[in-house]
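Labels run A, B, C and D following the written order; every chain starts at residue 1.
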Amino acid sequence: MNKTRLEAFSDGVLAIVITIMVLEIKVPHHAAEFSGLLKLLPVFASYVMSFIYIGIYWNNHHHMMHSMTRVNGKILWANLHLLFWLSLVPFATGWMGENNFAKPTMTLYGMLLLMAAVAYFMLQSSIIASQGEDSVLKKAVGKDWKGKVSPVLYIIGIGFSFFNEWLSGAMYVLVALIWLVPDKRIERTIAHTKD
Amino acid sequence: MNKTRLEAFSDGVLAIVITIMVLEIKVPHHAAEFSGLLKLLPVFASYVMSFIYIGIYWNNHHHMMHSMTRVNGKILWANLHLLFWLSLVPFATGWMGENNFAKPTMTLYGMLLLMAAVAYFMLQSSIIASQGEDSVLKKAVGKDWKGKVSPVLYIIGIGFSFFNEWLSGAMYVLVALIWLVPDKRIERTIAHTKD
Amino acid sequence: MNKTRLEAFSDGVLAIVITIMVLEIKVPHHAAEFSGLLKLLPVFASYVMSFIYIGIYWNNHHHMMHSMTRVNGKILWANLHLLFWLSLVPFATGWMGENNFAKPTMTLYGMLLLMAAVAYFMLQSSIIASQGEDSVLKKAVGKDWKGKVSPVLYIIGIGFSFFNEWLSGAMYVLVALIWLVPDKRIERTIAHTKD
Amino acid sequence: MNKTRLEAFSDGVLAIVITIMVLEIKVPHHAAEFSGLLKLLPVFASYVMSFIYIGIYWNNHHHMMHSMTRVNGKILWANLHLLFWLSLVPFATGWMGENNFAKPTMTLYGMLLLMAAVAYFMLQSSIIASQGEDSVLKKAVGKDWKGKVSPVLYIIGIGFSFFNEWLSGAMYVLVALIWLVPDKRIERTIAHTKD
C-alpha cells in the first residue's frame, strides 16, 4: 500500500476542512457598516482557534507519517477515523461562534477535540504496532508529554463548560499554546546545541 | 497517459466529497441547547454511514489503481463515471438525514450505492480489458466475493425500502460491515501465515 | 518553474469545480416524496452536462500539459485564465438548472463555454510559442478538427438560445458528444492497427 | 521536514480559496432574465479581482518555495499564517461585492490585503533566516521593488476608503497590475538578451 497517496488524501481533507470553515462566517447581507462586522467577532475568534487546531493536527500528522514505514488496513482506517472527527470541526466551530461561546457549544467543542485526540492516539498505536519492537515512533512518543497532557486539559475544559464557558475556553486555548509555543523553543535549543 | 494524475484527481474529488458532506449538517442558528443537537442525530448518523462508504471506495480505488499498468481513454471516462455517482452521495445523504430515513430517501440512497457499484465494476472491467489475458486484476477479482455480494444486498435493500426503512438501512449497514470487518481478519491470517 | 505544481493546482481547482456543482442541487427540505426529486430533474440534467464538460477539459488539459516542456509566466497566467472561466461553470449550471433551461440561461452557458474554449486556445498558443518551431503541440493541434469545430457550434448554440432553448442545448450536447465518442473509436482504430 | 507536502497543502488551500469564492455569487433564484445578472456585476467584478490576487499569491508562493532548501517549525507556521489571511479573502470579497464596494467594505478588503502582505513578508524573513548568510532568497528580495511598494499602496488605498471607494479600489487594482504586467515585460527582456 502507498504512503504517498495516504498523505495526499489526508492533506486534501485537512486543506478542505481548514478552508470551508470560513463559509461559516456568513457575509452580512446588505449591511455595509463595521457594526455588522463586530457581531461576527465571536465567529471570527472561533475560526482563528479552529484554524490553529487544524494547523497543529496537520503539522503533527505530517511528522507521524514521516516516521511510518508501511501502511496496512488498520492504519488506513485509523487515519480515516481521525479525519472523521476533524471533518466535524467546522460544524462545532460554527455552532460555538454563532452562539457566542454558550456553555453547551463549549462542551461539544471540547468533546470533539477529545475524540480527535483519542483518534490520533489510536492511529499512533496502529503505526507503532506495525513497526514492531524497534519502533522509531514508540521512542518519539515516549518523550511526548504534550500528547499526554492535552486529553487531561480537554476533560478539565469539558468539566468547566457546564458552569463557566470562559474557563472552559481558557483550557482549549492553553492546549493550543502548549503545541504552538515550546516547539519553537525546542528547535532553538537544538540549533544552539549544534553551534 | 499519466496514472499519477488520475490518482491525484480522484483523491481530490473523494476528499472534497467526504468533506463537503459535513456542510449538510446545518448549524442550528441561535439555539445553543443540546436539544437542538439531538434533532441532528439522523443527519449525523447518515453522515457517518456515507463517510464510511466513501472511505471504502477510496480504499478499494487505491488498490485497483495500484494494479493498473496503463491508462487509456476508456479507463479515464470509466473513472469519471464512478466519481460522478460518488459526487452525488452528499446530496442523497442530506436528503436521507433531513427526512429521518423516510422510505423514498432510502430507495434513492440504495440506488445511488448500486449505481456506484455498477460504475466500479465497469472501471474494473476496463482495466482488466486493457491488461489482456494475464491481467493481475482479473485474478484478484476472481476471489472477490464481496464485490459480487454487495450489489445483491443493495437490490434487497432497495426492495425493503418500499415497505420498511429500517430493514433497508440494515442492508446498507451490512454491506459497509462486510467491507470493513473481514479485511482486518484476512490481514491477520496473512500475518499468522508469515510467522 | 515547476510543471508538477502547475498540474497539481489545476487538478485541485478542477476537482473542486466538478464537486461543488453538486451543492447547487439543493436538498428538498422536509419533503421526502419522489415528486420532490422530479422537480430537481432539470438541475440534475444540467449537472450531468457540466460534469462531462469539466471531465473533457480535465482530460484535454492533461494531454496538453503532457506535451509541455517548460513553464513561463505567460503560460501560468493563460492557465489561470482558463481556470477562471471554468470556475464559473457551477454558477451558470445552477442558474440554467433552476430556471428549467430558460433562454437567457442558455445564452450565458454558451458564452461561458465559448470563453473557456477561447482561454484554452490562448493557453495552447502560449505553450506552442514557448516551444518554438519544432513544437510537438503545434503538430498535434494541426490535426485537431474538434478544437476548431467546437467554438463554431457554441456560437450557433448561443444564436439559437435567443429563440429556442432546446436547439441551443442540442448544440452544447453535440459538442460534448464530439469530444466523448470518437476518442474511443480512434483508440480502437489504433489498437486494430497494432494487431 | 518535507517541502513537497508543505507545497501540496498550500496548493490545496489556495485552490479551494480561489474556487469557493464563486459560491458567493449566489444564483438568482427563479429569475431567468439578464437583468438579474446585471445586479450581480459588482459581485462578479470583486470575484475577478480576488481571483487575480490569489493567482498572484500562488505564483509568488511558488517561486519563494522553489528557493527554499529546508523547512522548520517557524516556516511552517509562517506559511499557515499567510494561508489564514488568504482564507478570509472569499469573505471580504463577498461582503464587498454584495454591498456595491461600499466604503467600509473597501477598508476591510485593503486591511486584509495588507495583513496578507505582512504575513508574506514574515514567511520570506523566516526562510531567509533559515538559509543564513548566503541566502538565495535574500538576494532575490533585494531587487524586489514590488514587494516594497505594495504595502504602501494598500495603506494609501485604506486611507482613501474612508472618503472615496473608487480611489481606494483604484489602488488595489494598481497593485494587481504591478504584479501582472511587468513580469511579462521582464521575461521578454530576458528572452531578447538570450537571442
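Definition applied: contacts are C-beta pairs under 8 Å (C-beta built on N, C-alpha and C of every residue); 3 or more make two chains touch, one makes a residue touch a chain.
In this text the structure is predicted, and so the values were computed from the model without any measurement.
K.L.:
Examine where the copies subunit A and subunit B touch and state whether the two sides share over half of their residue numbers (same) or under half (different).
P.N.:
Different, since most residue numbers here occur in only one copy.
K.L.:
Suppose each chain is reduced to the average of its Cα coordinates; what separation in Å results between subunit A and subunit C?
P.N.:
Centre separation, subunit A to subunit C: 38 Å.
K.L.:
Per the centroid of Cα atoms for each chain, what is the distance between subunit B and subunit C, given in Å?
P.N.:
Result: the chain centres lie 27 Å from each other.
K.L.:
At which residue positions does subunit D touch at least two other chains?
P.N.:
In subunit D, residues 8, 12, 16, 20, 23 touch at least two other chains, as defined above.
K.L.:
Write out all the pairs of touching chains, ordered by chain label.
P.N.:
Pairs of chains that touch one another: A-B, A-D, B-C, C-D.
K.L.:
Which residues of subunit D touch subunit A in the complex?
P.N.:
Residue list for subunit D touching subunit A: 1-2, 5, 8-9, 12-13, 16-17, 20, 23-24, 72-74, 76-77, 80, 83-84, 87-88, 90-91, 94-95, 98-99, 102-105, 107-108.
K.L.:
Can you tell me which positions in subunit D touch subunit C when the two form their complex?
P.N.:
7-8, 11-12, 14-16, 18-20, 22-23, 25, 27-34, 37, 48, 51, 55, 58-59, 62-63, 66, 180, 183-184, 187
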